[in-house]
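Take a look at the following structure, please.
Residue numbering begins at 1 within each chain, and the chains themselves are lettered A, B and C in the order written.
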Amino acid sequence: MRPRPTLRRFTAAAAAAVLATSITACGNAGNDDSETRDVDVAENAADEFEDGTRMKELAEDGKITIGVKYDQPGLGFKGATDDMPRGFDPEIGKILAGSLGIAPEDITWKETISDNREPFLQEGEVDLVIATYSITDERRQVVGQAGPYYVTGQQLLVRSDNDEINGVEDIKGSEVCSVTGSTSLDNVKKEGAKPRGFDTYSECVDQVLDGTVDAMTTDGTILLGYAAEQPDDLKVVGEPFSEELYGIGYSKDRPEMCQWINDTLTQAFEDGSWEEAFDVTLGESGVDAPEKPELQSCDA
Amino acid sequence: MSGNVLFDAPGPRTIARHRVYTVLTLLALAGIIGFFAWRLQVTGQLEYEKWEVFLTPSYVEVILQGLLDTLQMAFGAIVLAIVFGLVFGIGKVSEHAWLRWPSWVVVEFFRAVPVLMLMIFSFYLFAIGNGPLSPMWCVIIALTCYNGAVLAEVFRAGINAVPRGQVEAAYALGMRKTQVMVQIQLPQAVKIMLPALISQCIVALKDTSLGAYILAPGLTYVYDQISQEFKNQVPAALVIASIYIVVNLLLTALATWAQKRYVGEKAAPLEVAATGFDDGRGTL
Amino acid sequence: MEAVFSNFDEYLKAFGVTLGLFVVSGIGSLVLGLFLASLRVGPVAIMRRAAALYVIIFRNTPLLMIFIFMAAAMPKLGYNFKWVEDIEIAGWSVSAFFVRSTLALTLYTSAFVCEAFRSGVNSVDLGQAEAARAVGLTFAQSMRYVVLPQALRAVVPPLTSVQVALIKNTSVAAAFGMAEATATMRAFTNNNADERIQIFLLFALGYIILVEIVALSSYVLERKWKVA
């Protein structure tokens, strides 16, 4: 990893890790500079919530379990030896936990994948799901979704030197990859592209880099995460051709959480911590934070 | 059949010709190796930073953990597959049609469906929706069904390989059907099948790699993680594949040893029907 | 059920791709496997060893890793097989993904084909060859008239197992850009989550039919070649 500019600091833990590995003086690969932004942790947070609410319970316990993705750079990624996932979604999780007086190191992270987000919430495996979780009516039948905290849409990722594909209108006849069996892949098939399914997004990105496929498609944020990793080689093009509202999932049995999530998000929008979270993760490639999304009312 | 029966003792001209072949083969091998080394070099795959991760203690731990997961899944699956195989293998040789036919259907079904599809399906059934089982268990379930079906066939053949006269002798002594199976047929069948059993372990071990498709841990999953983090696909694939090869060679050595120890050098080969065997290893 | 039957052409197309992968890599693996086997039973020591090494490497590596080599590692070495897409023969051309997948399947399967052939030759009784030599047949003659015809019969069952395994192994290509049966099944189940079980069974049935066709034709062949 290249050295990164100011603004961020080495955590004590990372420094200790560097020390420990330099003593063994063998190989020293990996991400030592696991810097993060400072998180505001509220004091005496438990007093602010009414008795009987889930927030009160969590604040009193001082613990929370949050489900995030582990395989999407910029959004939610955890390397094989990392202690904590990094990315925009975990940052949002830290902001929410902070408002309950829970420090980042007291958060328990769980890997969620697209298929198991609802079961995790229903069975109480996690308290919150912040994992590129689009708000849909079908999902709202079984779980609660607050937010959105981010608005994105299906876009295209191409090599920086590709001038031919500038949007969805250019993909007819070209090869476009995504995850096998995904809706995104179906959508580009309808646009006349040859769909190529892969096991993971990262394998798909490799195919774009190698020039085997012309473009990759899925939610813009996910693409942005990969572009942020390799800004010289990859770029995201075109207007989104679908709208995805990323929401924060909570259990339907705890409807009181919705207002708290929305209030915390509103505050994060106002005090700049939302934008900061974007800048240190998805914004690394130099992309400016997008417009703040409009929150949906919890009464609906 | 050893080759030398087929040939005359080579004369001077044949010996010379074989020397030419030897040199040509060596040149071809050197060419292939050299070519890959050259490609590795010019594409920068030999740079230290692409390999450093495999010398970093914390990542070595991750790889070893992956190996452990792989072994656990393989052995877990084999142990359960033996149970599965016993039940349906005996079912297939049963005298009752109502046992024989369902056993036959189950065995044929699981032998003809790709393991990957079985994994995806058990993932749908057990990991999402009806109460979460970990992906690791889904891998074990899928491998149990597949390897169990193969082993059922091995058990059936093993039981049939026990000379008929012994069974008749046992009946003549007044043993009942279950007694004959448990005391006469199975012990000998197991002995005959041991090498086939261990080689099925290799099949199971290799198939655990497909678990990466449903996010189960293991060596291939570790490959995904490391290659994604360090963009070192070539070194990572070489290292992980080598680990698989070494572990499988150790298992093969164990199979050979077991064959010599318990079956003897010249065991009667087990005849197993055409369908099924993942890689046509036959019976080793 | 409904989901599959209303898109039955997709279902057929998917198994068409599966069949295409199977046929091409099946033929490829027979050719390469036979070549390797001839090295393995031949008189030149170094050739025997080279073929043995090939078998050891490819038989002990998971197929998925070989696919990864073809799809992820080879492009990094400068070969993404994209050039094959420019070749067009009588209006037909293949994609780089098809070539990679068939290459991976061929390399893997030929190790097993080689072993099947070798065991076939080894299954012929030593006395047969000795007798052939004793009545004055040359090496070529004894191979042609005595050893190979018998070896061929012995080789049918293990070769069938290998090819049946190959049909099922084509499913691994689902994760490498091929819209074959398993990949298509995933697309169907994603769109119709409530019909997962029926969809799975229908796709399983497709594989079973392919497997049974191969097993049956091998059975016929075996009967035909059986000594009267």
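Throughout what follows, a residue touches a chain if its C-beta (ideal position, glycine included) is under 8 Å from a C-beta of that chain, and two chains touch if they have at least 3 such contacts.
Because the structure is predicted, anything quoted here is derived from the model rather than measured.
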Taking CA centroids for every chain, report which one is farthest away from chain C. A
Dominant interface by pair count is B-C
Distance from chain B to chain A - Cα centre to Cα centre, in angstrom: 39
With chain centres defined as C-alpha means, what is the inter-centre distance between chain B and chain C in Å? 17
Enumerate the residues of chain C that touch no fewer than two other chains. 72, 76, 174-175, 186, 189
Multi-chain contact residues (two or more partners), chain B: 212-213, 227, 233
Out of chain A, which residues touch more than one other chain, so two or more? 199, 206
How about chain A: which of its residues touch chain B in the complex? 21, 24, 26-31, 71, 79-81, 111, 113, 115-116, 119-120, 123, 125, 199-200, 202, 206
Mind listing the chain B positions that touch chain A in their complex? 49, 51-59, 61-62, 123, 127-129, 131-132, 212-213, 215, 222, 224-230, 233
Touch list for chain A against partner chain C, complex: 175, 177, 180-183, 185-186, 194-199, 203, 206-207, 210-213
Name, in rising order, each residue of chain B that touches chain C in their complex. 1-3, 5-8, 10, 18, 21-22, 25-26, 29, 36, 39-40, 42-43, 45, 108-109, 111-117, 120-121, 124-125, 202, 206-210, 212-213, 220, 223, 227, 233-234, 237-238, 240-241, 244-245, 248-249, 252, 273-282
Which stretch or stretches of chain C touch chain B in the complex? 41-47, 50, 56-57, 59-65, 68-69, 72-73, 76-78, 112-113, 115-116, 119, 121-122, 124-126, 129-130, 133, 139, 142-143, 147, 157-165, 168-172, 174-175, 182, 185-186, 189, 196, 200, 203-204, 207-208, 211-212, 215, 218-219
